[in-house]
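First chain A sits with chain B, and in the next complex the same chain sits with chain C.
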Partner chain A sequence: MSGTLRDQVGQLARRSVLRTLRQPAQIVPALVFPLFLLAVNAGGLKDATNLPGFPTDSYLTFALAVPFVQGALFSVMNSGTDLARDIETGFLNRLALTPLRGAALLSGLLAGSVVLGLVQAIAYLVVGLAAGAELAAGPAGAIVIVALSVSVTVAFGTIGLFAALRFGSGEAVQGLFPVFFVFLFLSAMALPLDLLTIDWFHAIASVNPVTYLLQAFRSLLIDGWNLGELALGFAIALAILAIGMFAATSALKTRLVRT
Partner chain B sequence: MGEVERSGGIEAEALVREFKNGPRAVDGIDLEVAPGEIYGFLGPNGAGKSTTVLMLTTLLPPTSGSAHVAGFDVVSEGPRVRAAIGAALQEAALDPLLSGREHMRLQTALHGLGKAERQRRGDELLERVGLAYAADRKVGGYSGGMKRRLDLALALAHRPRILFLDEPTTGLDIQSRTALWEEVSRLAAEDGVTVFLTTQYLEEADALADRVGIIDHGHIVAEGTPAELKAEIGRPTVEAVPREEADRERMATVLAHFGERAGSTPRGVAVRLAGGESRLAEVVRALDAEGIAIEHLQLHAPSLDDVFLAKTGRSLEGAGDEEEAEAPAAEPITSA
Partner chain C sequence: MSEVRPAGARAVARAVAWRSIHNFLTNPAFLAPAVMFPLFFFISFAGGLAAIGEVPGFDFPSGYTAFQFVFVLLQSAAFGGVFTGFAMARDFESGFGRRYMLAASHRGGIVTGYATAALFRAVVTWAILTAVALIAGMEIGGSGVDVFGLYALAVLVNVAATMWAAGVALRVRSIQGGPLMQFPTFLVLFLAPVYVPLDLLSGWIHAVASVNPVTALLEAGRGLISGEPVLVGLAFAIGVALSALFALWARGGLRSAEAAG
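Then we have the complex of A and B:
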């Protein structure tokens, strides 16, 4: 990365982080709602651990994987609405009049997602462990969980950027949020994939990438070190990131029609 | 284009911008703005002012025609144009969550100023536009005038040779407007910055611009110094109000001998005075001869609104509202 590009990314990253930290309304729901759902599920579904083949006797430990993915979904909305606002207010045109490179803009904007991902992951982990969840992979596993959580958050963030650049409106970006929640609910969120006995649900969950993200988190919480599941989780996050960045870059070229 | 190319002015030839499913927003305009000149681009809402600015600032490719800014082609040399210009586009595009100083830091950094110079330049510009006292406050708490002044400071961050200001004083109170006018005048006079200013305010074009171009429906309908344009119209307007309302029609008949109607006020009659102000005494005598008592008589020097009226058949005030109501929806200028 050249010095100029690094400087541009750094400046935009700084702005993105400042914006995230100065908008408690972005951080608080992303922390509170996943933890609320965790509490409800852990309390209401704990008998599921009696099912034959359930991988742990602590439903809290099993369910603790969900907030990491659910929280990451908030970054679709946060990164997307921030950029959509820049388009709506003309701030993007201001940036376009500088020698700013498109790559710097997108990378800088994702810095806010990194901060959000970090804050969320640490909070979920601390609350989950304090409530009695187990972490089979130990302290090193905690670091990997945080790293995976940040990766997933940034990956989903690129989808928010694409939506903002494609549609140019904050409302359109927010409209995507429920769609992404459908992905979460049609995954192995509440039960392990093997225990989803309804055929159509099992089929959908089997091809839903969210299932494998959840399994990567669960592998660290329940099994310890399952490198296959971990690698699959990181690979899916990287694939979403690559596709999202490609789509966002294409949309940026269309949106920034500067000569 | 020699002179323009060497010294950094603006030139456009047959510049056109069409929108899909919309009107031809700019319809073949020719422009030449000399270095150091303040050029006022005057017209109602929807006339094509902002579209022209977007093309000249490289943010919107022209459909046809050509334009050179600071000697560089806006289509093929966009980055060089952008390096030479500063722009404060319509609506101050600021981040309400950042402070004035943070905006300056971002803008100077993106323009590639060195780290030490960023701080110095940012402080200097905030001081110049009178915002040093509010530099660390979030922009969300700034007034409209403060936002516009910060917008101007940001446009100047990299010492541009040419400055585009798109309706910079719209919505500002008279005090903020005057302060901005003074700063723009100073930039042109002392720093030699070429200023391309769009406005829908007659008094702004009159007070600031060395030359004015009047645009309507995408065409430049008149161009010259404010004095030249007014002289082109040549005739002042006389407005008379009868003491008795019943005399209004008779007064209109008498005044019709002195020139064509130039609109009317609720109680009076106005005509464009053929032969100029020297005929005012004749007007008074003619009304007196008809026994029409005058409550109020006023001579108006030609204004840019008269120029607009003469060229387009409409008054500038309210013209934009009509156009917005008539015009089909155009695609967003930066749409996907």
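Then we have the complex of A and C:
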């Protein structure tokens, strides 16, 4: 990376990180909401561990994978809303008058997602383990969980950037939130894939990438080191990141032409 | 020149309800979440958790789909009210609410109008949800009277939630009050026996669910749909009491909005 590009990314990254940290309204719901659902689900679905074939006797351990993905969904809104505000206030137009490169803009804006992903992952892990969840992969597994969580958060963040650039409105970005929740709902979120007994639901969950993101987290929590599931999880996160960045870059070009 | 007579509370309510219903039906941004959210909850719970019906001790006669249908029905009833509270807050934030206050001779009619719209949007959601549940093979063990009782319970939940949200909206008068309307509603709904009956819960969630009034509403609703009514009197008493309590809360909100000018 050339010095100029690094400086540009650095400046925007600093702004994005400070902006995220200065908005408790972005961080608090992303922390509290998934942990609340974790507490409710872990209590309410404890008996699911009595089902034949359930992979662990602790539903809390099984369910702990969900907050990492659910929290990542918040980055769609957070990164997208921030950029949409820049568009609505004319800040992006002013940036367009500078020699700033598009790649620097997008990479810098994702720095806020990295911080959010890091804070979320550590909080979920600490609370989950304190509440009695197991981590079969040990301390090294904790590092990989955090790395995977940040990767997934940044990957979803690119979709937020794309939505903001495409629609140019914070309200439209907020409107995407339920759409992404559908992916979470129609996955192996509450039970393992093998225990989804309704055929059509099993079929949808089997092709839903969120299922495999959840399985990657669960492999570290329940099995220990399952390299196949981990590799698939990271590959899906990278694929979403690549597609999101490509789409956001194209949308940025279109928006700047429009400007 | 003919004398202009001030409109009565019913006319005010009709006008406010008409505008809210029109906005709801013509703006996909309002209509889609109201219908889609309960459907996805239903699909996710009834489809993704069907195996829970095989857990030892789970013996709900009408099956897991009907078990979850009751929760989603009551949830959509509550959120129909909360979303209407959002609309009310938005109207006051944009200044439209103040114009309502100036124009209406009977200001209670404003709240009644929003409540009518909330019930309308809930009924639209229930119609679609019920159709989807029946297509998905939901079994109804209860008689027509039982099913009527279930929907009557849902109406009470809708009224209570609308009054709660209206009280917040009229005090805050900004869409920023949205989380204040939504989060307590979400909390009280999910701290009830959502996935399994109360008897199968244990630990802190059992303790909380045992004293949560929504538990009685859920258990009565599930009893009605399966044709084995339980706690029906208590559930209706709770529904009426909550509606009355939150109506007083909403009236206080109206006074607050009047005082704010």
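Keep this in mind: the second predicted complex is superposed on the first by the 257 of 259 C-alpha atoms of A that agree within 3 Å, B and C clash if a C-alpha of one lies under 4 Å from a C-alpha of the other, contacts with A are read in each partner's own complex, and residues count from 1 in each chain.
Heads up, the rule we're going with is that a residue touches a chain if its C-beta (ideal position, glycine included) is under 8 Å from a C-beta of that chain, and two chains touch if they have at least 3 such contacts.
Quick caveat: nothing in here was measured; it's all calculated off a predicted structure.
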**Request:** Assess the superposed three-chain arrangement around chain A: do chain B and chain C clash, or do they fit?
**Result:** fit
**Request:** Check the residue A:94 against both partner chains and state whether it touches chain B (first), chain C (second), both, or neither.
**Result:** first
**Request:** Could you look at A:243 and tell me whether it touches chain B, chain C, both or neither (first, second, both, neither)?
**Result:** neither
**Message:** According to the stated criteria, A:11 is in contact with first (chain B), second (chain C), both, or neither; which is it?
**Reply:** first
**Asked** Counting only touches as set out at the top, which of chain B and chain C does A:51 meet: first, second, both, neither?
**Response** second
**Message:** Once chain A of both complexes is superposed, is A:256 in touch with chain B (first), chain C (second), both, or neither?
**Reply:** first
**Request:** Tell me which partner A:43 touches in the superposition: chain B (first), chain C (second), both or neither.
**Result:** second
**Request:** Have a look at where A:193 lands relative to chain B and chain C in the superposition and call it first, second, both or neither.
**Result:** neither
**Request:** Answer with first, second, both or neither: which of chain B and chain C does A:185 touch in the superposed model?
**Result:** second
**Message:** Looking at chain B versus chain C in the superposed three-chain picture, what is their shortest Cα distance in Å?
**Reply:** 18
**Residues of chain A that touch chain B when the two form their complex** = 4, 7-8, 11-12, 14-15, 18-19, 22-23, 86-87, 89-100, 165-168, 251, 254-259
**Asked** Which chain C residues qualify as touching chain A in the complex?
**Response** 29, 33, 36-37, 40-41, 43-44, 46-52, 54-58, 179, 187, 190-191, 193-196, 200-206
**Asked** What does chain B use to touch chain A in their complex?
**Response** 57-61, 74-76, 78-79, 81-83, 85-87, 89-91, 93-95, 97-98, 102, 105-107, 109-112, 138, 154, 332, 334-336
**Request:** State the interface residues of chain A toward chain C in the complex, per the touch definition above.
**Result:** 29, 36-37, 39-41, 43-48, 50-51, 171, 175, 178, 181-182, 185-191, 195-198, 200-201, 205
